[in-house]
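Remarks on the structure that follows.
The chains carry the letters A, B and C, assigned in the order they are written, with residues numbered from 1 in each.
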Amino acid sequence: MYTLAELADRFGLGFTGEAGKILTGIATLAEADAGEIAFLANRKYLPQLASTRAGAVILPPALVECCPVACLIAEAPYLAFARISHLFDKSPRPAPGVHPAAVVSPDAQIHSSVAIGPNAVVEAGAVLAAGVELGAGVYVGHDSRLGAGTRVLPHAVIYHDVHLGEHCVVHAQAVLGADGFGFAPGPAGWEKICQLGGVRIGDRVEIGACTTVDRGTLGHTVIADGVIIDNLVQIGHNCRIGKNTAIAGCAGLAGSTTIGADCTLAGGVGVVGHVHICDHVHVTGMTMVTKSITEPGSYSCGTPMMSTRNWKRNAVRFSQLESIQKRLAAMESRTGQPDKG
Amino acid sequence: MYTLAELADRFGLGFTGEAGKILTGIATLAEADAGEIAFLANRKYLPQLASTRAGAVILPPALVECCPVACLIAEAPYLAFARISHLFDKSPRPAPGVHPAAVVSPDAQIHSSVAIGPNAVVEAGAVLAAGVELGAGVYVGHDSRLGAGTRVLPHAVIYHDVHLGEHCVVHAQAVLGADGFGFAPGPAGWEKICQLGGVRIGDRVEIGACTTVDRGTLGHTVIADGVIIDNLVQIGHNCRIGKNTAIAGCAGLAGSTTIGADCTLAGGVGVVGHVHICDHVHVTGMTMVTKSITEPGSYSCGTPMMSTRNWKRNAVRFSQLESIQKRLAAMESRTGQPDKG
Amino acid sequence: MYTLAELADRFGLGFTGEAGKILTGIATLAEADAGEIAFLANRKYLPQLASTRAGAVILPPALVECCPVACLIAEAPYLAFARISHLFDKSPRPAPGVHPAAVVSPDAQIHSSVAIGPNAVVEAGAVLAAGVELGAGVYVGHDSRLGAGTRVLPHAVIYHDVHLGEHCVVHAQAVLGADGFGFAPGPAGWEKICQLGGVRIGDRVEIGACTTVDRGTLGHTVIADGVIIDNLVQIGHNCRIGKNTAIAGCAGLAGSTTIGADCTLAGGVGVVGHVHICDHVHVTGMTMVTKSITEPGSYSCGTPMMSTRNWKRNAVRFSQLESIQKRLAAMESRTGQPDKG
């Protein structure tokens, strides 16, 4: 429970309206009631502002005039919303201490402030720094290290020799450090290459549910500070992902891929192995990156969605493109236009 | 063990053949033996009917004449097969009661008929209705609610504030209620937006193995009654999925997507955020839905599979389509045909 | 710790350099130090050979002359590397015996040499052969069987009636034997078809983290000897995968798909249901296989990645391909060229 003036003060915002107004939660413009804060970060929702019943709205200075209720004035309203959201987070945390149903090696090094849930397992040589939280059933392998304030949600599995920095979040069922997909063809079939490297993850990294980050074959798989990765993403062995890069759900990176800093890969993107993507690259949804990208910018592939009936016709023509081009070139040469194909 | 007449009576089917014939199982037309039932729902398999050794075949009235063995006559043979399959289901269930190796909060509300497997964890405030089954290692977070008859298979993780209706099935390693992928860009990198909403799931919903359904940012992620979702599917925060919609494996829905009722998304489909798909839409495999769909029907994108050698030639031409179109238009204007490009 | 001569002898390799040279590890050409082995299997890395500081390099006979340090000479250097990597594998294994926090049915059949980690659960009727290792929290359902030397990493879930052969590896969070996605449309919505079959997996199969292999509807889902499957792969019910086939990450196979022996599916490939792929087929990344493949070879679909700006123009033209083709045909007929469209 906060007053309008308290919030403005705490987050460095201006405000209009009654300083002592009590605010107890946060909701959308359309749904917020008189005790709740809403926000307007996208002008698409401007029509909802006039009719909002929110107690206060976080918005940019230019929109204060349009707001029928109290304002929290922010140059970056979405960021202000992100920061204020933490005040209302009621997600439960494991109780401090080691749950009696956890199995913790006496040879692990556990800071006294760590919280370990039921059925969690911590192997010998593991190091858990101050404030680490392990949910129910989390597994931390031999010699793995979790930095201060890192939280691991139920049932995530961290293999041996995986290091996470400080203030990371790892969601349920994520797997860090499984074997890379490395096999050599032998006379009787595939022969396994032991995956001898580990995983090194920086600070403030978030890893989604059911996401897998493979260990390195030789050397480590490396994820830099501030990287955010959504659910069901595959990161192959020996990938290197630069600072503050964001990877959306269902994306997949083959082995030994390097991605720069401040990149965004949209949902379902695939990246083949051994390529390099420079800093500040955006890749649109479901694109397959088949070669290195050396210039910042936005990249895409694919064809537009249409009715299946229309699509079938055009798709057939795609498979005739080579001959269409040749027919066009033949026409051009017959009619005296140079062939540019 | 059932007689032919018993089956016909129980499922409202006609039959031909000996009423007292004993049937003990169900198998394919090609593999069924004299004690087993087979079914014929797809005329593609008609050639197998003549040589079947099944004890009885479920089939439509029009095919009775072609059947060399006893018949169970159904207007909808595939549906009759589905219903009869339940008679032969021998999948083991957790023993009723709470396994001694489970960890159940005294502040959870557990119906006396609930079965809870070893190493399952149920947090305070959780409510498990009559007949709920939790497999080994299932996690049910604070204040989550499971309706009567809902089954959760081993190791699925249900975060806090997730409600499931009655008679749902949640498969192994599914994750319901992990944080949505919500971050605001800040001066030093991404800043997390707390995901304050929950998940609300209706009755008779099936959720596949390793499928993730994120909690809402503000408000809930909502899945209506009768929805079926396959394995390895991602449902983003604040999605809303309408009644009886089916989503096949490896599909992914970005945040705030709305899908109508009675839709089918085939395998690997991706849907971008904040779009709306109306009722009765079918999307074919691996299509990316990049905009709202307002008309029922079937939608597609992509190009046809071909030999890599042919594909390479045509793919190069795809990247020249703009210039091919321009060359064609130029030819048309030179030869007096209007440019329709 | 091995001498150069010991390694050459053990793996049937030639060598140059000091027989007694001590080698304690393995690293990349660029990073190996004087006590480590490196390898050169891809001529792309030839420039690194001149400056390597490795103690010895595994390479083919033709390159011995170019190597500034000791050589281990192999016709197949990558394969030799794979085999030698096992000497340096330090990945921890669960201690032999049954951990006191495991829950093992007295009606399971457990070889005396089996290692079972904490919180693992083994149900009645399960059979674990000599040398089987179950990591922490692994679940093995009723009547499932694991052959000699098979290793299951933490938290993998094996449902009932799933058989694995010898020397398989199953990674964390994999799910073997969940229900196939089988439902019949009924008057009030989808009706579940019980999935009555099991899963049968051969010897030396590797299954990646968060990969799901569904059980059969009638009959089994079958994976032959030597198949390797990466992370986050979906294998639908009643699929059959031939010997030594490799499936990379994020691929998905719909139900009743048959894949031959010695195939490779690259990352993100999708295969629709009920098709047959013959032996020795390679499918490139993110291709959708929409029909059976009856000739060995390489198959592809999709469009090339380009800048989003260029892509948008070409993608629009894709949706006009049918009309472009018609316009071209009209031009051809006007100018006297036969229409081949």
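We take it that contacts are C-beta pairs under 8 Å (C-beta built on N, C-alpha and C of every residue); 3 or more make two chains touch, one makes a residue touch a chain.
Here the structure is a predicted model, which means the values were calculated and not measured.
The pairing of chain A with chain B is characterised as different-residue: of all residue numbers used at this interface, under half are used by both copies. Fitting chain A to chain C on C-alpha positions gives a rotation angle of 120 degrees, to the nearest 5.
Once the centre of each chain is set as its mean CA position, chain A and chain B turn out to be 25 Å apart. The residues of chain B that reach two or more other chains are 101, 119, 137, 155, 173, 210, 232, 250, 286, 302-304, 306, 318, 320-321, 324, 328, 331, 335, listed in rising order.
Only residues 101, 103, 119, 121, 123, 137, 139, 141-142, 155, 157, 159-160, 173, 175, 178-179, 181-186, 188-196, 210, 212, 214, 218-219, 232, 234, 236, 250, 252, 254, 270, 272, 282, 284, 286-291, 297-304, 306, 310, 313-314, 317-318, 320-321, 323-324, 327-328, 330-331, 334-335 of chain C touch chain B when the two sit together in their complex.
Remark: chain A residues 26-28, 31, 76, 78-79, 81-83, 85-86, 88-92, 99, 101, 117-119, 135-137, 153-155, 169, 171-173, 204, 206, 208-210, 225-226, 228, 230-232, 243-244, 246, 248-250, 266-268, 285-286, 302-309, 311-312, 315-316, 318-322, 324-325, 328, 331-332, 335, 337, 340-341 touch chain B in the complex.
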